[in-house]
Amino acid sequence: MSAILEVENLQAWYGRTQALHGVSFSMEPRGITTILGANGAGKTTTLRAISAMIRTAGTIRFDGARIDRKATEDIVALGVAHVPQGRGTFMELTVEENLRVGAWARRDRSGVAEDFDRVYRLFPVLLQRRRQLAGTLSGGEQQMLAVGRGLMLRPRLLLLDEPSLGLAPLVVQEIFAILRRINQESGVTILLVEQNARLALALADRAFLIETGRVVMSGASAELTSDDAIRRAYLGY
Amino acid sequence: MNVMRRVLMLLLVGTVGLATALPAGAQTPGVTSTEIKIGNTNPYSGPASAYGTIGKALGAYFKKINDEGGINGRKINYITYDDSYAPPKTVEMVRRLVEQDQVALLFQTLGTPTNSAIHKYMNGKQVPHIFVATGATKWNDPKNFPWTMGWQPNYQIEGRIYAQYVLKNVKDAKVGILYQNDDYGKDYRKGFLDGLGEAAKRVVVLEQTYEVTDPTIDSQIVNLKNSGANVFFNVTIPKFAVQAIKKSHDIGWKPVHLLNNVSSSLGTTLKPAGLEASKGLITALYMKEVTDPQWKNDKAYLDWVAWMKKYYPEGALDDQANAYAYSVAATLVQALKQCGNDLSRQNIMKQAASLKNLELPMLLPGIKINTSATDFAPIEQEQLAKFNGEIWQVFGELIDASKK
Amino acid sequence: MDIFLQQVVSGIATGGIYASLALALVMIYQATDVVNFAQGEMAMFSTYLAWSMLNAGVPYWVTFFATVALAFLLGLVIERLVIRPVESAPILSIVIVTLGLLVIHNSIAGWIWSYIQKPFPSPFPSRPVHMGPIIVGAHDIGEISVTLIVLLLLFAFFRYTPVGLAMRAAAHNPVSSRLSGIRVSRMLMLGWGLAAAFGAVAGMMVAPIVTLEPNMMGGIQIYAFAAATLGGFTSPGGAVLGGIIVGVAENLVGTYVRFIGTELKLTVALAIIIIVLLVRPRGLFGRAVVRRV
Amino acid sequence: MSAPTIAVLVAAVIALVLPFMLSNFRLFQFTQVFIYAIALLGLNMLTGFNGQISLGHGAFFAVGAYTGAIMMDRWNVPYGWTIPVGGLLCLIVGFLFGIPALRLEGLYLALATFALALAVPQILKYFEHWTGGSQGIVLTKPAAPFGLPLSEDQWFYFVTLVVLFVMFVLARNLLSGRIGRALVAIRDNPLAAEAMGVNKALYKSLTFGVSAAYTGVAGALSAVAIAFVAPDSFNILLSISLLTGSVIGGLASISGAIYGALFIQFVPNWAQDISKAAPWAIFGLFLIVFMYVMPYGIAGALRLVWNRLTRPQG
């Protein structure tokens, strides 16, 4: 099976500061991969680089075609949904409008209607609150909305940045359960950046570790979970 | 203090008398054997920029004079700066003119607050500050401010003329006044109330004001009508005059409508308001109104048009301000001609104060400019006119405010 | 009583003027999160374009729609050439750029068409309408109707069209919008275009009342700001209602509160707005949203 | 000695030598620059450091100017006293206005202050008895005391320079310490600032007061420098040009006030020297180009250049 995402020697800069120094990895379709690393290691940067939100060098292939020269909007239109850190909620739009924004890049009307149903099925609370302003939702609900917004694209690749940030453990568990369900039901490939390494490794089938803008280790989740260094540094036992 | 000033003036006049005998006043700043430097400020930007055309037209007039050989062989070097009608900026620009550019005199600086800001400075510096472009009364004060002189009939005089008209011609007058809430409006109002004298308290039933920034004055007109007034003294600039005429016509209020001279343009006020609605308006005039068809074949008017086309083609032919500038510039040229070869500041002031029965082409026939050492108000005559649906028809006698 | 009604009606008419420009201000704020100080001057400039067309003999309604289209284009071009380069600058820098646009439009209009006021025709009958003791200008009625139509269009556009939604999204959260595939810069451009078009409508409706001159929108924009502030900058309906409230309140204060009279009319209107803001900090109809950090 | 210190010293020397090199007219212009700089510094504290946008500082300028003018004209108070009194009065007015302003944020605060600036000329005209109405108040320019051999302009230049210096030193001490950090924290992260125990309400309204006081001092100085006050001197354009100056100079920067003041004093003059036909068009172009080249103002651009020069490439 050919890779859905191939990243080779990816470099990225914030202004004049280089943040990635040649990151390479690839992802199989329908898989869940997680990026581990300390704060500032370059996890979020990797996602932003894939979405062309910062200046990059190196090659990125999505489904075999190069996307590293494309604009963010065009990459999204290819089916790459990016749920940013901090959820990117449109506070002043209603829940339903938020979801509709997620479907902006699509042109198939009937499909959009189906996906509304699907998202509301996955997150019933959003259906309850669909006329409410998104700014009035709780943090967990906003995270659900953010994932739902990503799903409205009917993406082939879902980039998730810190979905557990600032949420209560119970809520986090609920969201991660739904992520697994999404992956299993519709076969969306997921690239997950997550502080909580234990949670991430439990969900993902593959993982790699970034330190100061370089990939220092990669492999199946199980392998990394059992690695001593990883356990000490990121799992804390 | 006043005595001192008078003595000073006498001394000045004395020296001037001697000075005339001497050759070219080489020591006067801004004057050489080939040039006279004249300074001016005008609002070319900002909310009052509509007046800026005056400053430009003055320049165009001096260009014509220079093309014709200048004044006694001297070309006019006219320097004008933008003060955007802000007094602090006027102070700065006038100091630039006087101290930096070393002009011989300041001419036609525009606006009441702006001129007030430099009034003391000019008299302290003893630089002629003449024919200022404002209708306030305070410029005619040769005793205290011997270096400052107005030009146009002041607003108070005009207000008094309307008051006399009301007293003579309207029985059981009930007057409503609408005026702009600033010095211009208040001067008109004061002149009018002074003119009414004792009767004012009885006759004036309602006064309303507006701000220049107000979009409309509908509300004020409604109140005036409601007050039962049968005379409407309308002290508004053209934009609001249009609204006032239109609105009172629309709501069926037909008072004796006295419109201030400021807005008497047929082209810019009466036409937009509707000629039908404007019928019966009364105003006081001192100039030929450039959009009034009665002057269509008048030689002076045609000359003015020819000058506009040649020297100020970008200027508007329906803008009375351009005829105003044409006339006031001609007044200065006359004063400078009278100076002969003595262009000392004292003599310039003296000659500006020695205009005798000067008639200018664009002034109404019969209007004469007169000044003297005690009379710093060049134009003091106006004539009432009534709009008959086509033209302003003057009626009655030329009213001369200097002869009370 | 008659005078009261007449003052209310004329206040509504004046309020309609404020409202028409306030709609354009709300439009651009909704679409780009920027308060455009040049909105009024752009409207004035468009109205001059209309005046030139009318003078060349183009029929009124052709001129009307052609002007709206031209203004739309003008808005697009201004956004592309002037605003886009400072798009990522701090918001106050963008505000300064709009001030620059304000003075440029004003100055160039005066330069091209002179500062002398020009009559501008109304498409509505000139005879006033009598409703019992109350008299209303036909143009006033027409002008308010047009404002309401624009309001309706604006409301429908933002509420029911995908583009309207995308524009709101792009204004509130540009990063997230790009990640949803919305071309944010195109939305901003569109926002400028539409606001300019609405402004042109306002200009052509206002000019017959106040006559056309380069400074005609100065005072009106101040009141339009007041209207939008009172109604809430996020609510087109609120802006229209805000305009009418300001118009009516001003008239009634000027008429009935004698010691204030007409001399402090504006001050009182402004004081009312500040008091309203203290009770409802986002205007009467603005949405109160906590922006999370 | 650090580069900024050297720059300050050089500026100080120039400022002291200037009066003996330039004409009275030029000195008058620089006096104006200093006056604007004081006002801009005040506005900068509020808008730049504390994030409260004010479109109405012209109002405080007017209050300061009229306070000074009325004191001098009515009660013959020496002008030296009018400056602190103008500042003090504005401190109180600003503080009082700052309390309700607490409830307003961003745009709504900006427009509420805009309303304040609009109302001021009308109010000045209304209280004609005190303010002279639309005629304004004409003042006399003070001569140098103690028989100093200085012209009026030279003397007042020094007075303004001293006031400017004092105000800048005060501002620097205020802003570089705890208080400054609190202000910035309130601007950037109000919730966190409050969590850290910063009394947000007090700080914000105090900032409003101090900012108004600076502008009031500038107003009082300007009344003396111009020797005239009238409602037309304090229209909305003044407030707008103050905001323009603070943004162009550089928000949240003390030296930005000087650059901004130079801009609002001299750039309109250049604009009209280029074109009398449409001076505003040129000025508008200047504004846009400035913001295009220096989106963070002149101070921001200088900082950038300085960083480029001093930081090693890489």
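Letters A, B, C and D mark the chains as written, and numbering starts fresh at 1 in each.
By definition in this document, contacts are C-beta pairs under 8 Å (C-beta built on N, C-alpha and C of every residue); 3 or more make two chains touch, one makes a residue touch a chain.
As the structure is a computational prediction, the values presented were derived from the model and not from experiment.
*Asks:* As a teaching exercise, work out the groups of chains that remain connected by touching when chain C is ignored.
*Replies:* Connectivity without chain C: A | B, D.
*Asks:* What chain lies farthest away from chain B once each centre is taken as the mean of the Cα atoms?
*Replies:* Greatest centre separation from chain B goes to chain A.
*Asks:* When the centre of a chain is set as the mean of its C-alpha atoms, what distance in Å lies between chain A and chain D?
*Replies:* About 49 Å separates the centre of chain A from that of chain D.
*Asks:* How many angstrom lie between the centres of chain B and chain D, each centre taken as the mean Cα position?
*Replies:* Computed from C-alpha means, the inter-chain centre distance equals 37 Å.
*Asks:* What whole-Å value do you get for the distance between chain C and chain D if each is reduced to the mean of its CA atoms?
*Replies:* 31
*Asks:* Distance between chain A and chain B based on Cα centroids, please, to the nearest Å.
*Replies:* 74
*Asks:* When you check chain C against every other chain, which residues touch at least two of them?
*Replies:* 103, 106-107, 110, 222, 263, 266
*Asks:* Which chain B residues reach two or more other chains?
*Replies:* Expected reply: 45, 47, 49, 181, 211, 213, 314.
*Asks:* Among the residues of chain D, which ones contact at least 2 other chains?
*Replies:* Residues 118, 122, 125, 277-280, 283 of chain D each touch two or more of the other chains.
*Asks:* Applying that definition of touch, give me each pair of chains that meets it.
*Replies:* Contacting pairs: A-C, B-C, B-D, C-D.
*Asks:* With touch defined as at the start, can you tell me which chain B residues reach chain D in the complex?
*Replies:* Touch list, chain B to chain D: 44-47, 49, 55-56, 80-82, 84-89, 91-92, 95-96, 99-100, 112-114, 116-117, 119-121, 181-183, 186, 211, 213, 314.
*Asks:* Chain C touches which residues of chain A in the complex?
*Replies:* Going through chain A, the ones touching chain C are 51, 53, 72-73, 76-77, 81-84, 88-93, 97, 100-102, 104-105, 133, 135-136, 149, 153.
*Asks:* Flag every residue of chain C that touches chain A in the complex, lowest number first.
*Replies:* Residues 162, 165-166, 168-169, 172-173, 175-183, 234, 287, 289-292 of chain C touch chain A in their complex.
*Asks:* Chain C touches which residues of chain B in the complex?
*Replies:* Listed in rising order, the residues of chain B that touch chain C are 45, 47, 49-53, 181, 208-216, 218-220, 222-223, 226, 238-239, 242-243, 247, 250-252, 268, 271-272, 274, 314-316, 318-319.
*Asks:* Which residues of chain C touch chain B once you look at their complex with the stated criterion?
*Replies:* Per the stated touch rule, the residues are 2-3, 6-7, 10-11, 13-14, 17-18, 103, 106-107, 110, 114-119, 126, 128, 135, 137, 206, 209-211, 213-216, 218-220, 222-223, 250-251, 254-255, 261-263, 265-266.
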